[in-house]
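Please find the structures below.
Paired with chain B in one complex and with chain C in the other, chain A is shared by the two complexes that follow.
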Partner chain A sequence: MTMERRQNYPYWFLLPAFAVFALLYLTPTLTGLYYSFTDWNINKKTIDFVGLENFRSLFSDRKMVAALWHTLIYAFAVTVIRNSVGLGMALVLNVKMRFRNLFRTVFFLPYMISPLIIGYLFTAIYHPANGLLNMGLKGAGLGVFAVDWLNDPRFALFSAIMVDVWRTSGFAMVIYLAGLQMIPGELYESASLDGARFTQTFRHIMFPLIAPSLTINLVLSLIGTMKVFVMILVLTNGGPGYTTEVINTYIMTEFSLGLYGLGTAANLVLTALIVLLGFPVLILLRKREVAL
Partner chain B sequence: MKKGILLSALAALALAMFAPLGAVAEGQKEVTLTYVLQNTTKTTAVEAIFAAYKAKTGVSVEIQALPAGEEYGRLMQTRFATNDYPDLFEMDPGTKQYIKFRADETLYDWTSDPVIKRIAASTVDFQTLDGKIYGIPWGSTGSMGVYYNKAVFKAIGKTPPAKWGDLVGIAKAAKAVGYIPLYEGVKTGWPLQVFSLAGWTSFVDPAIGDAGVRKLEKNELRLNAIPALSDVLKRQYDIMKAGYVQDNALSGTYEEQQELFGQGKIAMSLQIPGFLSALEQKFGKQFVIDNVGWFPMPSDTDTGIATLTPAGQILVPRLGKNVEAAVDLVRFMTEKANVDILYQNMPGIPVYLEASASLYPAQEEVLKYVKANKAKINVQNRLSSSFTDYPKILQALFIDGNVQAAVDLLDENYRKTGKARALPGF
Partner chain C sequence: MKRSNFYRIPLFLVCVAVSLIVLVPFAMILVNSFKDARQSALFKLSLPDEFLWSNYKLVLSKPAVIRSFLNTIYIAVFSVLLTDLCAAMAAFVIQRRPTRLGKAAYYTFLMGLVIPISIIPTIRLMMNTGLHNTYRGMILYYTAINLPFAIFLLTGFIGSVPKELDESAMLDGCKPLRLFFRIILPLLSTVMVTSTIVVAIAVWDDFVGPFYLISDYRKWTIVLNIYTFVSQYETNWGVVFAFLMLVMTPILLLYFALQRYIISGLTAGALKG
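Now for the complex of A and B:
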């Protein structure tokens, strides 16, 4: 009888991968961290260390505070609505029906299109006079709801949120569908034999067992939406006024003014915010998965 | 015999191989200059001039049109920061551009170039900072202010206002019969600046004087400590609240403004001088001559002070690849025949001494104010710092009506930009 020996590969095998990681990830991250504590500026010849000055300046800037607030609203709203819609679509398309695969493809398609193109499309769809949405509303006798979606400060952020929901719900649907299809058929059968209604089946079987899909969807959605940029840039450019300003549009403004140190500091704030929100959510949902 | 054929074939092959290389070597000597401008600029004149330049020198000029507005300046600054220099480019007027682009390090110095002798003395003064000239003026002097439709004024029985109260009266009369009294729009869809900038010369300049502007330049006066400025913004807000601007006050576009003005649906348009050539392109020269009038923002007591917009300028990066060729092109562009082409295509008050230019009636009105010494250059072009984010600040004002918040933010941004540009006093 021969004993199998476990052979470890030498550690230096890690070097190529680590070199690439260090060059393309660690170096920019660490230099970015350093520059956020400097007065790096396109108009200055020297770059000097200024301690926490950039952060003081950021948190005393009303535009940054508004951008922070809008980013949180955007992330929370898109995450909740996207997951509700995605889950709803997954439940419907998990049932045997005609054209099921076609519907799945159609609902997933918007996710394949660049946010930039979708942004431009919705700029036209939302146009107050000639846009498809308002023309449809007027045609249906609902002209009273036809508003200036992107330029009325009451609706601009909501309009942008709904575009992102439309674009990404199909992606959430696919992940939920994968989760639903992992549930063994016997569980449905026994629930049916016990006379469980759909709501009971959903509550006691489906929802607990798609916990990993929920974790993935919520965490990806939260991180992705906190970093929202292109959609807002194309649809509203942060306006009207500052009513849809988000952290990334704020960062863009600072960078384009040549205030690289301040822009990098704002980026660090965004990263910290993502970590502070993302990790607790991830840990909480993971615990829930284990408990189930 | 066979050997001879083989040698001939090899010689032919060698010729065939080296001939294209020779052509490439020749081709490498050819220069194509890159000329960058804003995508809202009418290019007919420069295209004609560049064609003439190619015919004369063999040098081609490629036009690159970049997004207009604040974005344009930012793009150019980014290109400079990454050493991606165009050969030459158009830029907004004013010596503040020298500061933005760190002219002493990056731009070609025209101070003692013969080209300067072709330029009007007042413009040379305007282009000079600390005794140096880095920008060659390109375009004409114009005015931002109120462009009105003469036919609409005739229909409502009004003439240009003699004072502020008359302007409000005209707006009221126009609205009463279904016209849009006032429309303000820019290409990118975020309007609202022209009112307060045109209002500055009629309300703020008389209140703070040149000394006040000099204090602003040195950061010795705060924008939120100028009551006349708050007053102008309040007037703008009140006009909007009274329903005297277009319904889509936060989303009026330059395109829509031109269309509705040309269709005779707008009484007054707040605009910059380029409005006239844009209208000419859409509705013909005769329309502009017959139908478009101009007046400055009236004050409480008189017709007001005209707000002049200086000619733009051409800057040549001295770190570019083809500096000599670019300088030669600028010299060519400023020859009489070529500035004549410019002014034929963009009528306006010329900045070149030898140029022949015809003016639209609206521009003749501006000239009357200049001759009567009732004109001032747009304050944005007199200051080295900028009213950064101004359109958004004004949109916020339209949303919440908070004049104090608007001037506070304006002041904050002005000082922040001054500090970022390392200007003395900031």
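Now for the complex of A and C:
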């Protein structure tokens, strides 16, 4: 059998994929690890090792510290709201109704569109004077809530968060819905024979059984949102002031200033953040899946 | 489940409301793309007094726009072909040989789903290897960043292709390459549709790649072109909306035509891992 395997499934089949991946993903990732500890910048011919100097500057830069917090707030808020909305809509669509597939198609749609386009779309919607949001609020007699969503430091980050929720909740919904539809119908039947209310059925049958959907949604969401860049760039460009600055917009600024070592170090901080948050969440949720 | 009948109408209305929240912004772009500068800046949902095609004509009259459409198609087609082929070959061996090496390769690729690519060292590397500012550089870049997802998706799927097929083919004296291209690859066609659409859309929608890796405007992709275009025409939202419509329409058509492959493929992939 081992003989047959070797002949049928040669390892060199891995080579084309590995070659491209090694060249353009692994190499920059690994050299980036080194550059993070150097003074690489546009004004110097040589690249010299400087130890932790970049990290010292990063953590003493108020803008970077703000970017770090905003990235965490953004990731946490988008993850919580996206998953609440996504799960809610999945429960609604789990009920047999007319046009169910059409609704699913519509809810998922924004996920297909470039975040850049969606950013411009919402620049118009959030427009303080003419945007649909404020026109709607004024029309409903809620004019006091019609603020300048993207230019008011109190609301800018929240406004960006809601655009991402709008864009990606359909994706979360589709994964929850697939999880719900894998639950055997008999379980619902026996629950309703026992006189279980919806909340009880949800707590004791649905929620435990969609554990894999919950895991994948939370992990993908945390990882993806911490990498946010385009949405912020287009909606606020980090402003007003630096109230919506995130790590990837910070990296862009450092890059344009020619501070390459520092920018690369900021990316390493982002990587550390993703790994330190992503893996414990993954392990925790996986353990929970097994326990259930 | 009789009780749910009682809830059905309110739930249906919730779905209609959410659909509106999703669709109204798109409707806003559509109607305003036919209005003049003054009207479109009001962002109203009303239909235009008369449908102006001039915004679309203006966008399409720019050679740079046409060129960037072609650039995007060119880069997307080759990125998809290279990603699909490399990923299918790798996923086949990874799934069929769960050895230490196979698993190590799998987890190395999966790292790419988690750890963000470091863009500044990527620029340097591509400059040093003559890939910066080239089409082939972009194709290799997109292949590298989309391979992890494609390998993940395909490895999950190949598990459902019976091994007996390989064995009987082998008994007939089939060599690995022939086995792969003649027998395995055709069986992967549905999942390949999923990975093809997902990768094609990822390339079409991407901003970061061309933003950092292409300095020659003649090689820009369409999304980067929107970015610079908007800074020029920001005062004329009608033109901007027409441009956004032109870039979105191919994606929307693709989505509505093939959405079952996209949604079921993505969910199956996500829940298998």
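Everything below uses one rule, namely that the second predicted complex is superposed on the first by the 271 of 292 C-alpha atoms of A that agree within 3 Å, B and C clash if a C-alpha of one lies under 4 Å from a C-alpha of the other, contacts with A are read in each partner's own complex, and residues count from 1 in each chain.
Convention: a residue touches a chain if its C-beta (ideal position, glycine included) is under 8 Å from a C-beta of that chain, and two chains touch if they have at least 3 such contacts.
Computed from a prediction, not measured in an experiment: that's the story for all the values here.
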Worksheet item: With both structures lined up on chain A, is it a clash or a fit for chain B and chain C?
Response: fit
Worksheet item: Counting only touches as set out at the top, which of chain B and chain C does A:S84 meet: first, second, both, neither?
Response: neither
Worksheet item: On chain A, which partner touches more residues: chain B or chain C?
Response: C
Discussion item. Can you report the vertex angle at chain A, computed from the C-alpha centres of the three chains with chain B and chain C as the arms, to the nearest 10 degrees?
Written reply: 80
Item to complete: Applying the touch criterion given at the start, work out whether A:N43 contacts chain B, chain C, both or neither, answering first, second, both or neither.
Response: first
Practice prompt. Name the contact category of A:I223: first (chain B only), second (chain C only), both, or neither.
Written response: second
Discussion item. Touch test for A:S190: chain B only (first), chain C only (second), both, or neither?
Written reply: neither
Practice prompt. Rounded to the nearest Å, state the minimum C-alpha distance from chain B to chain C in the superposed three-chain model.
Written response: 6
Worksheet item: Do chain B and chain C touch any of the same residues on chain A, and if so, which?
Response: none
Worksheet item: For the complex, which residues does chain C have touching chain A?
Response: 1-4, 7-8, 11-12, 14-15, 18-19, 21-26, 28-29, 41-45, 82, 85-87, 89-90, 92-94, 96-97, 101, 105, 108-109, 112-122, 124-126, 129, 140-141, 143-145, 147-148, 151, 166-167, 170, 176, 179-180, 201, 204-208, 212, 223, 226-227, 230, 237, 240, 244, 247-248, 251-252, 255-256, 259, 262-263, 266-268, 270-271, 273
Fill in: Residues of chain B touching chain A in the complex
70-71, 74, 77-78, 81, 99-100, 102, 190, 248, 250-251, 388-389, 392-393, 395-400, 409, 412, 417, 420-422
Worksheet, complete the sentence: Interface with chain C, chain A side, in the complex: residues 4-5, 7-11, 13-14, 16-18, 20-21, 23-29, 31-32, 35, 89, 92-93, 95-99, 103-110, 112-117, 120-122, 124-125, 127, 130-132, 135, 166, 170-171, 174-175, 177-179, 182, 188-189, 192, 198, 212-213, 216, 220, 223, 227, 229-230, 234, 251, 255, 260, 263-264, 267-268, 270-271, 274-275, 278
Worksheet item: Quick one: in the complex, what on chain A touches chain B?
Response: 41-44, 61-63, 128, 148, 150-153, 237-243, 253, 256-259
